[in-house]
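You will see subunit A twice below: alongside subunit B first, and alongside subunit C after that.
Moving on to the complex of A and B:
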């Protein structure tokens, strides 16, 4: 256990105290103030790592978890994980601060909210720091679970539940396929450690290499909302806005990006990886940006824009993976820049999208709506929010002087470089890269403008009756303001971030090139193609934005029945219908059917095992001899048992069963078991009396009116059970693996001062067993008493209600 | 003797199972009771039969029969009694409240 482990576990540990803090203190102090401490401490603690990590060092710490299976909680801190962790803790702190003002302490169930939030924070930190793939998987699924809980935070709303279920189904599906991929990968490389995986070579010759890659990518794509798994993200916007800002734009959805970046050294340089990651990324980029323009809800617009930006980062990682194809040299450096752009944009996106989400939350909070058609003219009412939206929106559109401009330019550089290359068949399809990138950027520009101007300019079309719309309190604005400042600061001082955060992360993605990677970011490169493309985006985007009304109708031509959402709903409905039908077929509610399943299962499993492993051993050499009394008793027992089977009168059945019991006690006498015989005699007498008493109240036995197949099935199954039990008994009798341990108890006089061995076992050697037996007897007695004495009034009331 | 006992246990299990699979609650209880006897006899048979005197030290025998199965059975008999009693009263109660002892008519309602 090291400080690093404590770092990951701290949010989980603190979460335990949150409900108590909420209960005791919430009337005076908002619970969020206590929670805020955790991400703040984590952030500053992580900050102290920067000098060490940026100079190229790494840190590890191991805590044994399942050492027998070589699964240990190993923490590995390098540039990539540190960057992610700083984002997680940093944005986490800002989001908690923001939530203090967003979530009312009087109306909301804050303890749930903060427990889930802390659980997510810990899981996400664990995810990025884990070196063991299975530990990583556990944290991965924990983030899915906490995301589910947070989306369903307002679980009274149907849409929240729908969105939560959708995200759960999709991300868990991806998580499971990722697990399968991890297992394959560990089979190929014979290790569970990511570091060892990265350093092992010739993995790609194995036949499982490509399947493992695809399965892992499915996990990454579902988590990072890549096309066509992206449909869960817009519905996840039902979560409270701080959560949307934190999980569904800044951190959790980047887990897929993290995984792809982390495994780039393993899979990079493969054509399949290159095309899947960059291709799916580009499709997602285009799909998200086109759909974002269509949205009328501000949060939905941001959700689609997040999908689109995640696609951008993903495609950059794909393009950058080409660097590993060459191994070393100038050629690979051209690709490597794409990886840098991905990391840079990841940071930029976290800043500007986080602030935009928070501002949208403010607008929602102050005006009561997020509908673009109702909003407008807020510029004068909410000047600070407006400024923040301009900063975030323009950064998203890729305009100077904001950080988005820099990474967008680098993105254009990357696609242009890729288009010129000839590896992986790029000479035929490569020209598509810049085209898709440019078109998507135009749409990105349009939706950014919609976000900024439709909300804040124009005349307001809504009237809020109950209160005047005004600027939000300073506490609420503080977090987006910090993020907005970062957006601008990153534009003017990108090389500081590059030196201390981005380059170390870059080197961990491309470890073979480490040491030679350096880049100087500057906003001005002269009049090159990238700048032309940006200017084209601005000009064309502005024109299209001006004439939005003219072509907006085009969206309506796309039929709803062809959307992925539609297919998802259809699939879910039919799955539910099928499972209901199948379940109803065998869950009949008729107890006999369930018993048939159980008995048939016993016959098949026990019989099958006996047959398969040759367990049948019949050996009666050690048998005791049979004398005539015993034979007589056994015949009598069979007769009385058969009588029960065929008797039509309940009195006969009861007496026959009673007779059977008494015959058993005779057998006990013959078998030298006096205690058993006595007990059996007493119990049998009482049972028979009880039977007779009860039967007085119960109806006459009817003749079993059943169809022949019913009886035949029953007969077959019962004979099967009898045969199996006989065979098991005979085989067990014929196979004595161990000597009896009873000789120990024969010393009972010395050990326990008892001359009756059986009694000594019961009360001395196994006293606790006997005590529990008495407990069972007591419970049964209480049950009997209650069932007889309890009046059926409660039941009648229930029936009245039905 | 052991072989014969195994066969007897098989017969008791068959008959008990058949009774349990019928629709009448009464027969089901009788069936469990018979299977209970079968189990008890099975356990004592597995300890070996008549291998010595009764497990009472006062009798000063040279060998004793296996005492452990007997101790187990003593518990089993009593627990068996408890469950049978509970089961009986439960079926009595079910009959009083629901007016039938036919398990087919005791099925849950559709919407449950």
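Moving on to the complex of A and C:
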């Protein structure tokens, strides 16, 4: 356990105390103030890593978890993970600060909110720092779970539950396929460590390489809301706005990006990887930006814009992966710039989108609506919010003097470079890259303008009678202001960020080129094609924005029945219907049916195995002689067993079953097994009492009137089980695969100091078995207790809820 | 659970229960070298208590033996697990047992084994579970 482990575990540990703090202190102090400490401390602690990491060092710490399986909680800090961790802790601190003013301490269940939030924070930190792929997977799924809980935070709302379920289904599906990919990858490379994977050379010759890549990409694409898995993100906007700002724009949706960046050294340089990552990225970019324009809800607009920006980053990572195709050379540096642009845009996106979400939250909070059609004219009422929106919106549109401009220009450079290349058949389809990028940028420009001007200019049309709309309190504005300042600062001092944060991250994505990667970001690099493209975007975008009404109707031509959402809903409905039908078919509620399944299964599996592997060996040669006492007891046992079948009253059956049990214990006595005989006797006594007790509650035994097929099935099953068990018993006696191990136990006096072998086996040689047996016994006892004692209360409660 | 007029069974039970208890304890202790042990001893003990249930009613027994048998079972399992963990303190595998011969004042040379501690856990778990089940079912009206 090192400080690094504590760093990841700190949010989880603190989360334990949150409910107590909430209970004791919430009346006076908003719980958020306590929670705020954690991301702040984490942020400053991580900040101290920067000098060390930026000089090219890395840090590791290992905590054994499942050492026998080589799964250890290994933490690996390098440029990439540090950048992500700083974003997670930094935005986390700002979001918690913002939430203190956003979430009312009187009305909201703050303890749930902050526990989920801290859980997410810890999981996300664990995700980016894990070196072991399975530990990474665990944290990955934990982020999905906490996201689910946070989306469903207002679980009373139908839409929240719908959105939470959707995000859960899609991201967990992706997570599971990613796990399959990880398992394949570990089979190929024979390691669980990402660092070892990266340094392994000849992975790509294995036949599992491409399937593993595709499965892992599905995981990354679902998490990062890439087309066509993007549909969960707009519905995730049902979460409280601080959560949307944190999870669904700045951090969690970037987990997929992180994974792609992290595994670029493993998969990069492959044509499939290049085309999948950059192709899906570009499609997502276009899809998101076109759909964002048609949204009327501000948060939905931001959601689609997030999808599109994630696509942009993803496509940059795809294009940059080409760098690894060349090994080491001038060509590779041309591609490598795309990776830098991806990392740079990732940081920029976190700043401007975070601030935009917070401002939208403010607007929602103050006016009570997020509908663009109802909003307008807020400029004079909320001047600070307006300024922040301009900063964020213009940065998103890629205009100077904001950081979005720089990364957008680099994006254009990357697509132009890619279009000129001829690797991976780029000479045929490469020309599409700049075209898609440019069209998507025009739409990005349009929705950014919609966000800025439709909300703040025009005449106000919303009606809010209960209170005057005014600027938000300073505490709420503080977080977006800090982010807005960063947006501007990153434009003017990009090289500082580049030197300390971005280049180290860049080097960890492209470890083979590390050391020679350097870049000088400058806002002005002459009248080149990129600048022309940006100007084209502005001009064309402005024209389209002016005439938005004229072509807006085009969206209505796209039929609803062809949207992915429609397919998702249809699929979910039919899935539910089919599974319900299937389940109802065999889950009848009759114990008899369940017993039939169980016994039929036993007959098929055990009987089948016996038949298939030729297990039926009946060998009488070594059997002892049957003496007259044994024969007598066996006859008595058969008689009492048959009595059970034909007895008319329950009392007779109970007594007959008891007699059977006692007869068995006599048999043990005859075979000189006093321990077994004793146990059997006492167990039989207790069981008979139990039977008598149950007997009190049971109805009269009636002659069963049932159809012939029913009885025939029963008879077949019972005879089948009887025959199978008999054959197994006889074959077990006749088969000697191994030497008997009983000689070992005969040393019990020497080994365990006990003359009673049975007892030595129970408590010493096989002590773990005994321990687990009494555990099972106790659980069974508690199960009976719960069923009997708690049934009536529980049932009443359930009915009350429905 | 029955009308309280079974004089004979009551008189017999009062004596028998003591004998069964003694026998149960004897079974438990002799387990190391002779037939018996935690499981059998526990069950025999439980059957004595069950005899009390059958003779007197559950309320009377509960008043005289004021134990929550669910807790008894849980404590039993806990003891068993703890003895297992205890062996980790001596850097031997989980649930290793040890034994030794000591000279005690009255008993003379006596064998003491950690297995007995484990067996106590087994016995308590068995007693607790058996009685929890019987009492739950018998008490259910």
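We take it that the second predicted complex is superposed on the first by the 628 of 802 C-alpha atoms of A that agree within 3 Å, B and C clash if a C-alpha of one lies under 4 Å from a C-alpha of the other, contacts with A are read in each partner's own complex, and residues count from 1 in each chain.
We adopt the following convention: a residue touches a chain if its C-beta (ideal position, glycine included) is under 8 Å from a C-beta of that chain, and two chains touch if they have at least 3 such contacts.
Please read all numbers here as calculations on a predicted model, not as lab measurements.
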So, A:651: does it touch subunit B (first), subunit C (second), both, or neither? neither
Output check: A:109 vs subunit B and subunit C. Expected answer is one of first, second, both, neither. What do you get? neither
By the touch definition at the top of the document, which applies to A:620: first (subunit B), second (subunit C), both, or neither? first
Contacts for A:691 in the overlay, against subunit B (first) and subunit C (second): which applies, first, second, both or neither? first
Once the shared chain is lined up, is A:757 touching subunit B (first), subunit C (second), both, or neither of them? first
Taking the superposition on A as described, I'd like to know which of subunit B and subunit C A:715 touches: first, second, both or neither. first
Kindly classify A:599 by the partners it touches after superposition: subunit B alone (first), subunit C alone (second), both, or neither? first
Taking the superposition on A as described, I'd like to know which of subunit B and subunit C A:767 touches: first, second, both or neither. second
Which partner, subunit B or subunit C, is in contact with more residues of subunit A? B
So in the superposed three-chain picture, is A:539 touching just subunit B, just subunit C, both, or none of them (first/second/both/neither)? neither
Starting from the residues of subunit A touching subunit B, keep only those that also touch subunit C in the other complex, and list them. 674-675, 679, 683, 686, 690, 694, 697, 754-756, 758, 762, 770, 777, 780-781, 784, 788
Quick check: in the complex, which residue numbers of subunit A touch subunit C? 674-675, 678-679, 682-683, 685-686, 689-690, 693-694, 697, 752-756, 758-760, 762-764, 767-768, 770-771, 774-775, 777-778, 780-782, 784-785, 788-789
Looking at the complex, which residues from subunit A come into contact with subunit B? 588-592, 595-596, 599, 620, 622-626, 630-631, 634, 637-638, 641-642, 644-645, 650, 653-654, 657, 660-661, 664, 667-668, 670-676, 679-680, 683, 686-687, 690-691, 694-695, 697-699, 701-702, 704, 706, 714-715, 717-719, 721-723, 725-726, 729-730, 732-733, 740-742, 745-746, 748-749, 754-758, 761-762, 766, 769-770, 773, 776-777, 780-781, 783-784, 787-788, 792, 795
Listed in rising order, the residues of subunit C that touch subunit A in the complex are 27, 31-40, 43-44, 46-47, 50, 54, 70, 73-74, 76-77, 80-81, 84, 94-95, 97, 99-100, 111, 113, 115, 118-119, 121-122, 125-126, 128-130, 132-134, 136-138, 140
In their complex, what parts of subunit B are in touch with subunit A? 1-27, 30, 33-34, 37-38, 40-42, 44-58, 64-68, 70-71, 73-75, 77-86, 88-93, 95-97, 101, 103-104, 106-108, 112
